[in-house]
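For reference, the structures are reproduced in the following blocks.
Two complexes are shown next, each including chain A; its partner changes from chain B in the first to chain C in the second.
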Partner chain A sequence: MSTLHTVNKSPFDRNSLDTCLSVTKADATVLMIEDGVAGAMQNTTASAGISDAMAKGVKFAVLGEDLRARGLPADRVMDGFSVVDYAGFVQLSADHDNVQSWL
Partner chain B sequence: MSDTKKFVYINRKAPYGTVYALESLEVVLIGAAFEQEVQLVFVDDGVYQLTKGQDTDGIGMKNFSKTYSALGDYDVNQIYVDEQSLKDRGLTMDDLQELTYEDEDDDWAEKSSMKLVNREQLADLISDADVLLNF
Partner chain C sequence: MKFAIQINEGPFTHQAADTAYQFTKAALANGHEIFRVFFYHDGVNNGTMYGVPPIDDRNVQQMWSELAEEHDLDLVVCVAAAQRRGIMDEDESKRHGKGAANIAPKFRISGLGQLIEAGIQADRLLVFGD
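Up next, the complex of A and B:
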């Protein structure tokens, strides 16, 4: 069973992303939305944990609309992330068996 | 009036995900009418409030980031950004909008309102405040 994990809290403010990454399996995708998109940027204190999860096979995506709202340039998102729009969010939800929202 | 107080606003939340940033900005603008000394501090996720190029069309929320550039006109021109918070987030001052004011004591020369501060300077700002407001 594959799981889509959505994270909507900044990793610098809450531990949602840390907990999420500690329980994601290799066939999972982590989608960052709302304030969670801050975690997708290069060279942050969250980057190392994300790279470790990527090495394990976890896929990562980030919602472009939320990046743009916050003035965070898509070209400075970490390598390995796909930037998706709302239609992509729906597609990811459909492509996984379940959705876990780390509120 | 000699009893001017120093109001320090501590901003620690990213914009849009919660309403703190917008509420803070509104209180600052209202408070500016009372001619007190005002200092704004952006620390932790608060630094995201000042990023350049915010475009909220895709999320259906009001983009209030342009309002920060009006602060100088309200004599709110002491804006402090925490250096460590930028660094932890892979950001530099170049990623933030440039906030300025016109200095009436210097022939209305346009000057930057923003100062990068370390935690020691932040400690001084907090301990020197008469009133601390947190958002």
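Up next, the complex of A and C:
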């Protein structure tokens, strides 16, 4: 059973990304949306946890519209992330068996 | 694929109401079915037609009503959450001795069973909130 996890809070504001990463399995994808997109930036305090999860096989994605809405450049997103649009969000939801929203 | 959408946040709290709308629109555009959109907690505030946001602001209620008109969506507002926040249809308004109904076009008021059914019938249930 694969799960798509959506995280909509900045990791510099709440700990929902940490909580999410503590339960993600190798076949999961973590999609950062809304304020959560801040977590996708390179060289932050969230980066190490994300890299560890990537090494375990967890995939990562970030919503491009929400990056742009916040003036966060896509070329500063950590390596290994895919930048998706809303259609990509829908596709990820369809590709996984469940969607878990971390609110 | 059949999607069900749950919205727990009003249009003027944070971004969840907008994200849910954009997701729903993209799902429909890509040939998916939206089994139901269930408005719960503060999410019921998306379903009042008495909201008048400034002309240069988006009107989330109107966006939902129009999308529902176009795609015949089932927009369901939780009755208990709606009563607390003064969202009423004709029947509820009469029953509680209020002056008028304010439920927006294409929205309907019903109970939590509708959310449970959506969770069972849809292939995926997505929750948007704050």
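The criterion applied here is as follows: the second predicted complex is superposed on the first by the 103 of 103 C-alpha atoms of A that agree within 3 Å, B and C clash if a C-alpha of one lies under 4 Å from a C-alpha of the other, contacts with A are read in each partner's own complex, and residues count from 1 in each chain.
Basically, a residue touches a chain if its C-beta (ideal position, glycine included) is under 8 Å from a C-beta of that chain, and two chains touch if they have at least 3 such contacts.
In this text the structure is predicted, and so the values were computed from the model without any measurement.
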item	value
Partner chain in contact with A:K25 - chain B first, chain C second, else both or neither	neither
Which of chain B and chain C A:R70 touches, first, second, both or neither	first
First, second, both or neither for A:V90, with chain B first and chain C second	second
Touched partner set for A:N98, first chain B, second chain C, both or neither	second
Which of chain B and chain C A:K56 touches, first, second, both or neither	neither
Shared chain A surface residues [contacts with chain B and with chain C]	8, 34-35, 65-66, 85-86
Touching residues on chain C, where the partner in the complex is chain A	1, 3, 8, 14-16, 19, 22-23, 25-27, 29-30, 32, 123-130
Of chain B, residues touching chain A in the complex	12-18, 44-45, 48, 51-59, 61, 63, 65, 88-91, 95
Chain A - residues contacting chain B, complex	8-10, 12-13, 34-35, 38, 41-45, 47, 64-66, 68-73, 76, 85-86
Of all residues in chain A, those that touch chain C in their complex	6, 8, 33-35, 65-66, 85-87, 89-91, 93-94, 98-99, 101, 103
